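So that you can tell them apart, the chains are marked A, B, C, D, E and F in the order they are listed, and the count of residues begins at 1 in each.
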Amino acid sequence: MTHSLSTHAPYLTPAVHRLIDMALEEDIGSGDITTGHLVAPGTMGRGEIVAKTDLVLAGMAVARCVFERLDAQLQFTADAADGTVVAAGSVVARLSGRLDALLMAERTALNFLQRLSGIATHVRRYVQLLADSRIRLVDTRKTTPGWRVLEKYAVRMGGASNHRMGLFDGVLIKDNHIAACGGITVAVEAIRRQVSHLTRIEVEAADQAQVREALDAKADVIMLDNMDLAAVKQAVSLIGGRALVEVSGGVTEANLRAMADAGVDLISVGALTHSAQAVDISMDIQ
Amino acid sequence: MTHSLSTHAPYLTPAVHRLIDMALEEDIGSGDITTGHLVAPGTMGRGEIVAKTDLVLAGMAVARCVFERLDAQLQFTADAADGTVVAAGSVVARLSGRLDALLMAERTALNFLQRLSGIATHVRRYVQLLADSRIRLVDTRKTTPGWRVLEKYAVRMGGASNHRMGLFDGVLIKDNHIAACGGITVAVEAIRRQVSHLTRIEVEAADQAQVREALDAKADVIMLDNMDLAAVKQAVSLIGGRALVEVSGGVTEANLRAMADAGVDLISVGALTHSAQAVDISMDIQ
Amino acid sequence: MTHSLSTHAPYLTPAVHRLIDMALEEDIGSGDITTGHLVAPGTMGRGEIVAKTDLVLAGMAVARCVFERLDAQLQFTADAADGTVVAAGSVVARLSGRLDALLMAERTALNFLQRLSGIATHVRRYVQLLADSRIRLVDTRKTTPGWRVLEKYAVRMGGASNHRMGLFDGVLIKDNHIAACGGITVAVEAIRRQVSHLTRIEVEAADQAQVREALDAKADVIMLDNMDLAAVKQAVSLIGGRALVEVSGGVTEANLRAMADAGVDLISVGALTHSAQAVDISMDIQ
Amino acid sequence: MTHSLSTHAPYLTPAVHRLIDMALEEDIGSGDITTGHLVAPGTMGRGEIVAKTDLVLAGMAVARCVFERLDAQLQFTADAADGTVVAAGSVVARLSGRLDALLMAERTALNFLQRLSGIATHVRRYVQLLADSRIRLVDTRKTTPGWRVLEKYAVRMGGASNHRMGLFDGVLIKDNHIAACGGITVAVEAIRRQVSHLTRIEVEAADQAQVREALDAKADVIMLDNMDLAAVKQAVSLIGGRALVEVSGGVTEANLRAMADAGVDLISVGALTHSAQAVDISMDIQ
Amino acid sequence: MTHSLSTHAPYLTPAVHRLIDMALEEDIGSGDITTGHLVAPGTMGRGEIVAKTDLVLAGMAVARCVFERLDAQLQFTADAADGTVVAAGSVVARLSGRLDALLMAERTALNFLQRLSGIATHVRRYVQLLADSRIRLVDTRKTTPGWRVLEKYAVRMGGASNHRMGLFDGVLIKDNHIAACGGITVAVEAIRRQVSHLTRIEVEAADQAQVREALDAKADVIMLDNMDLAAVKQAVSLIGGRALVEVSGGVTEANLRAMADAGVDLISVGALTHSAQAVDISMDIQ
Amino acid sequence: MTHSLSTHAPYLTPAVHRLIDMALEEDIGSGDITTGHLVAPGTMGRGEIVAKTDLVLAGMAVARCVFERLDAQLQFTADAADGTVVAAGSVVARLSGRLDALLMAERTALNFLQRLSGIATHVRRYVQLLADSRIRLVDTRKTTPGWRVLEKYAVRMGGASNHRMGLFDGVLIKDNHIAACGGITVAVEAIRRQVSHLTRIEVEAADQAQVREALDAKADVIMLDNMDLAAVKQAVSLIGGRALVEVSGGVTEANLRAMADAGVDLISVGALTHSAQAVDISMDIQ
């Protein structure tokens, strides 16, 4: 019931293919009782996917996969690429294949596309606020469960960067970890002995004392957690380039630029993913 | 790797259990390299889930399931029920169990809870606009792929109703179906012969002529697709109670009340699900 | 290990594809130790599927899928369509492909075909007893676990109709539900508030008092449970067209016609699926 | 979403557990819209499973598993054991647990039990025809796809024996294999070199010449395919105890005894599984 | 996410396809962050798989499958066949396809090939020690979990034979079984009544008394467990051809030949699989 | 059919649980035809797992999981911990539970334990050669497909460290990547723009020119690929502490110490995993 991994974009990992299958199955269930009874099996059709609003496109390959799951011979031609700005009214893809497949896959394909493009479009707004800043705007793990790889891809299409993908590919020592093992120094040393040399170690600091302790422990990255602008500046000065500095928590579109100008290296914003809304994309079938 | 179906709420269908597993796996992957190296396996901990903003709660059972997947003996006590309004600062649940499980499940559990409560909170705003109207506000199939059952549940917790769950449990004859089989009358008759007697038939109408044809074909429900208020009123008058009337497309918070007062039976709003934003919910671990 | 959904018939849902995989795996297991050691990998072969008795055909697409799972290039030509009567001795399909695939898939494909055609053939007998009656003969949920969609499809191919597909696409309030929530009226009202407007509500009634209560509660369909002919007639008269009437329980080939003539709308017969026997279909390989 | 393998009977293999999950999912789908809206989550209930006709019981552990999947704490007490004859009206099991679980699992559990007991009951009739014969009555691979292990278990509960479970645990060289590799002698030798010493080799013979060739090739078992009684007797005499003899094809209840008395060792009958009908078993819930 | 079963070798069972999927997923995870960012999606490439040491080749079809999972159109040409001796420096396969697929599949494909060829090469050494002996050298169930079918295939490619595949396709009564049911005689009789006539019964014997009891119970095969050469000879003489004799335990390359010459039928050696080391095979990509 | 994730060690990721299930299923298949027919379901038993040779233990939690999959109530008491040296003859665990579960799980549990302990024991030998060196000995991706997480865990238990887990959690730019994108400088810059700030970048260098280019591109780690000792020393001197230095290829037990003393930071050895042999561990059941 699942698709070959042999597909059109590197972000289509095995887990993404499973999500596509789940999505089709939750919609089709025991069968499409409208299409199944009205469209003769052999009937062919054509369709166009159209942006109904200005947007940053993301997710074309996943949309294509959704259609191909129901019609392996379907032709899908993209008229725009992920990461590009598309104007309202533009056709972004043309499809041709079995009509029943087009009708049964339409909603699921659009649901992927409208959400991923929604995130890319939302992220682009933040990115523009940071124009000509050397700072790196990054996402968080506040993503839709099941969608981690997809949403982090959409963030990149919007022009921002990714923080770690999950608990497995980056170390982030938080307050509870520190409490559990008896201090930042102990924690950093324990981790350094055990993780791969390709993984950097980031420590969350709530105040200047913790910043100092993280610095002494030679953390690679220090996250300033929910600090105001003054505290951020003080920490940046204290760190003095000896570690990367990430600001996290309490960053809004309003104070984003000021934070960026405070000399930090990274700003992480959960809203990039958790507060994006879908953009309007529809499909015309002939 | 999967959870028993023997759980705490009827909306936790087999597919939802699979989504929970996928969500944990996408975050844990090849292992939590921070917690796994810092927290001794036997260490116990406690936590509280706290609303950081006023919200309508939804998804407590799914959050509980996430934690129980990693610690089958974990104690989870709910202080508030799904569908209730919770004030900023309220503790909504207290947990006690293995500390590593709490730390590894935290983000995934909150990601479920913040999105589902976000939808319920968003829906509640629309519902309040319709206070003392007999009209039924319903969702659409514009849901996050993989989340259909969960998001439709959150819509109910917000106080609105569900349209069909998928392509399998309700007939909705759209323009492309009509074109494919040669007219509304033919379509309705073909479907009526073939679907279960427990399934009503809804027909999408783009203009008054189609409304009339649907009416003559004895459609159970007629969906007025993207009509303006005047056209809606004309259609309602034409239908005269012989079919349920649904308004769909172009409904916003601004014109919602006017549409409701036009005498229709149902208003469907895709934004209930596709434009909700997560609400802020966090977890304190001791 | 699973097949593309991109297949030849609308009843081949994701769950049916999974059943096909399970069926092949339970037969092949750790390998076909006869064919695997005797047939050189590249050898090609041809086969014919032959009806050994008069039958109503059902399941050709699922049989085709079974073969294609083991040889994606296999040619399968159907000589008869599902739902048609086929005489003993007729070739219903011709196949050409890898000989090892033909030999390994043969039994599984025939097992599907002989059971589904067995149901269609069995159902056709009941349907003929109802010739020129406007009544709808429907199946029940007494199907082979794992085979719900397939067996309900075979029922349609036999000429009868389907009751609800499962617990998810139709409401049927039974005695235990009524007891659990305090009466038919309460139950119908609670359900009506909560289910989709596209779902009708059916109530099971054991006697005339319950028929009356269901009628007052405005049930859409009333099921007369295990009533004799006299009671059925009395209920039909009481209902007077204000709800659809279904007779269920105790219906046999002997009393089927009399029940149909009593003025009910639907007769449900569990035996359509649970008492069908396989018909004889074989395969000749050259 | 799946059950622990830690269960109550050796025939509950991993594949059987998957089938149980599929069966529950096909019935529950996106949720039980009757029970889910009418039964308060905490409500407890009791039930009894009752034989409605005389039958040979089979499948109690699988029925129990079905209920436990939805309520891990459910109490299930068997009043009769698989393989025993149960009189109409007998209670075969008593259950106590969550009412919603009882209602949602009921149909699926009964569907397993009625089919497996149907096979055991059907098989018992054949077995009785062979009373005081030393012959072994065996099933075939003509089973319901997905149900191989279960149906073969039911055959044993009915008192007959199993032929090989699938293509993997026994060699059966048929006409097409012989044709593909150039003769019985070649085939038997090739197989003997390659299969495990724990696997016997059976050869299908269509006439006395093939019987002789199989004998010369030292086949362990010779299957007389579709031979009449006279031919069977001739073959038995020719073989003279140097190989086990199986009769297959064309065996009915009418000629079963005569075949048995012809001196063969095994009779295989596809009808044991493919022509069994469900027996009537119901559940009373209080 | 899974491969069609329609593949290139009979040992590629459904379970092997699942293992291939797991292997790719454990390596790719949330995406190849080197290749994904450096290789443009459409770029094509070529590669050669090269033996870096003399070896017996095994697993070409599984390696091919790994590549085809990531590029369904990839061309794979084998220059050597499984079971043949390949000299260091030889090209064993040439590939051509998408460069990103080649790079992402390379390590997984080689990991399969180097381990399976490692087993075949290791086994071949034992086989040569037994040259011109009529004895059968067999493997055990001491295989890498998840790899049973693959490793047993590699054993055959090395020139030895397989013992049973698992617990399901051969009876081996061990000391604990004997203790649990009260003696060899009881055990053999109970099993003979219940298992298929195509399955032979083997009994493990620790001393001559047990050999005699197994012989009296008419065991088909008697396994001499951890006996020294003298005891083996005594047992062979006692058995006198009335059962097959297997030697198991304590067999090394040093005493293998002597055991073989003691007149036994089979020698089983766990080291064939559990002590094989990978051979060096690499891939050159242009 | 799968186990709760709620288990006894952090290395038991979802994928490891799936491997455990696959392993049990490949051995049990359609049922244990010895145990299933000889051991009465309720019979209880006890067992001891015993080291038959000196070894470094690894995999106790996975062995425990295997038994618990078949008997959720089984008691498992460890007498030794992973990573410790255990002398031949030592009992490492005591078990008590259902006898059929003990017998059916025994081989699979031991197969996991003997291979993982075999790796840990093998690695320990290398580690001892490096005693009082500050160098880090690391594994590679040359692991058994399906076993990545497990084998990397065993490497840690043996006292060495892990290189990246897969393609997803560390960047390693190899010759083919460099060729595909036009040079080390371009490659490092492209990657640095796109990967998470928590991921270090390693570049493979074949000669001193490439070492210099990698250094200029500010690679975090430089891998000296298949260089001899002289070249390694030259590169170390050239790099001068500005990047971590890894030696890879051609390292054997013989030259390991010399390489370590050449001033590199890491030595990676594929043989740690691909050339380990199982150690002898058995189980006594009473």
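Definition applied: a contact is a pair of C-beta atoms (placed from the backbone, for glycine too) under 8 Å apart; a residue touches a chain by one contact, two chains touch by 3 or more.
This structure is a prediction, so every number in the text was calculated from the model and none was measured.
**Student:** Go through the assembly and pull out the chains touching chain B as well as chain F.
**Tutor:** Joint contacts, listed by label: A, C, D, E.
**Student:** On the document's contact criterion, could you list the chains that touch chain C and likewise touch chain D?
**Tutor:** Looking at chain D and chain C together, the chains touching each of them are A, B, E, F.
**Student:** For the pairs C-F and A-C, output the one whose chains share more C-beta pairs in contact.
**Tutor:** More contacting C-beta pairs are found at A-C.
**Student:** Most remote chain relative to chain D, going by C-alpha centroids?
**Tutor:** A
**Student:** Taking mean CA positions as centres, which chain lies farthest from chain E?
**Tutor:** The most remote chain is B.
**Student:** Compute the distance, rounded to whole Å, between the mean C-alpha positions of chain D and chain F.
**Tutor:** 44
**Student:** Could you please state the distance in Å, as a whole number, between where the Cα atoms of chain E are centred and where those of chain F are centred?
**Tutor:** Their C-alpha centroids are separated by 22 Å.
**Student:** CA centre of chain B versus CA centre of chain C: separation in Å?
**Tutor:** Chain centroid spacing, chain B to chain C, equals 31 Å.
**Student:** For chain B, jot down the residues that touch at least 2 other chains.
**Tutor:** 2-3, 15, 18, 21, 25-26, 28-32, 35, 148-149, 165-166, 168-172, 194-195, 199
**Student:** Tell me the shape of the graph of touching chains, choosing from line, ring, star, complete and other.
**Tutor:** Graph shape, chains as nodes and touching pairs as edges: complete.
**Student:** Under the touch definition given earlier, write down the residues of chain E that touch chain A in their complex.
**Tutor:** 1-4, 21, 24-25, 28-32, 35-36, 41, 68-73, 100-101
**Student:** Please name which positions on chain C make contact with chain F in the complex.
**Tutor:** 26, 29-30
**Student:** Within the complex, which stretch of chain B touches chain D?
**Tutor:** Result: residues 2-6, 8-11, 13-15, 17-18, 21, 148-149, 165-166, 168-169 of chain B touch chain D.
**Student:** Can you tell me which positions in chain E touch chain D when the two form their complex?
**Tutor:** It is residues 136, 138, 156, 161-165, 168-172, 194-200, 202, 220-221, 244, 246, 265-266 of chain E that touch chain D.
**Student:** Under the touch definition given earlier, write down the residues of chain E that touch chain F in their complex.
**Tutor:** Of all residues in chain E, those touching chain F are 15, 18-20, 22-23, 25-35, 37-40, 43, 45, 99, 103-104, 107-108, 110-112, 114-115, 118, 141-149, 165-174, 176-177, 180-181, 187, 190-191, 194-195, 199, 274-278, 285.
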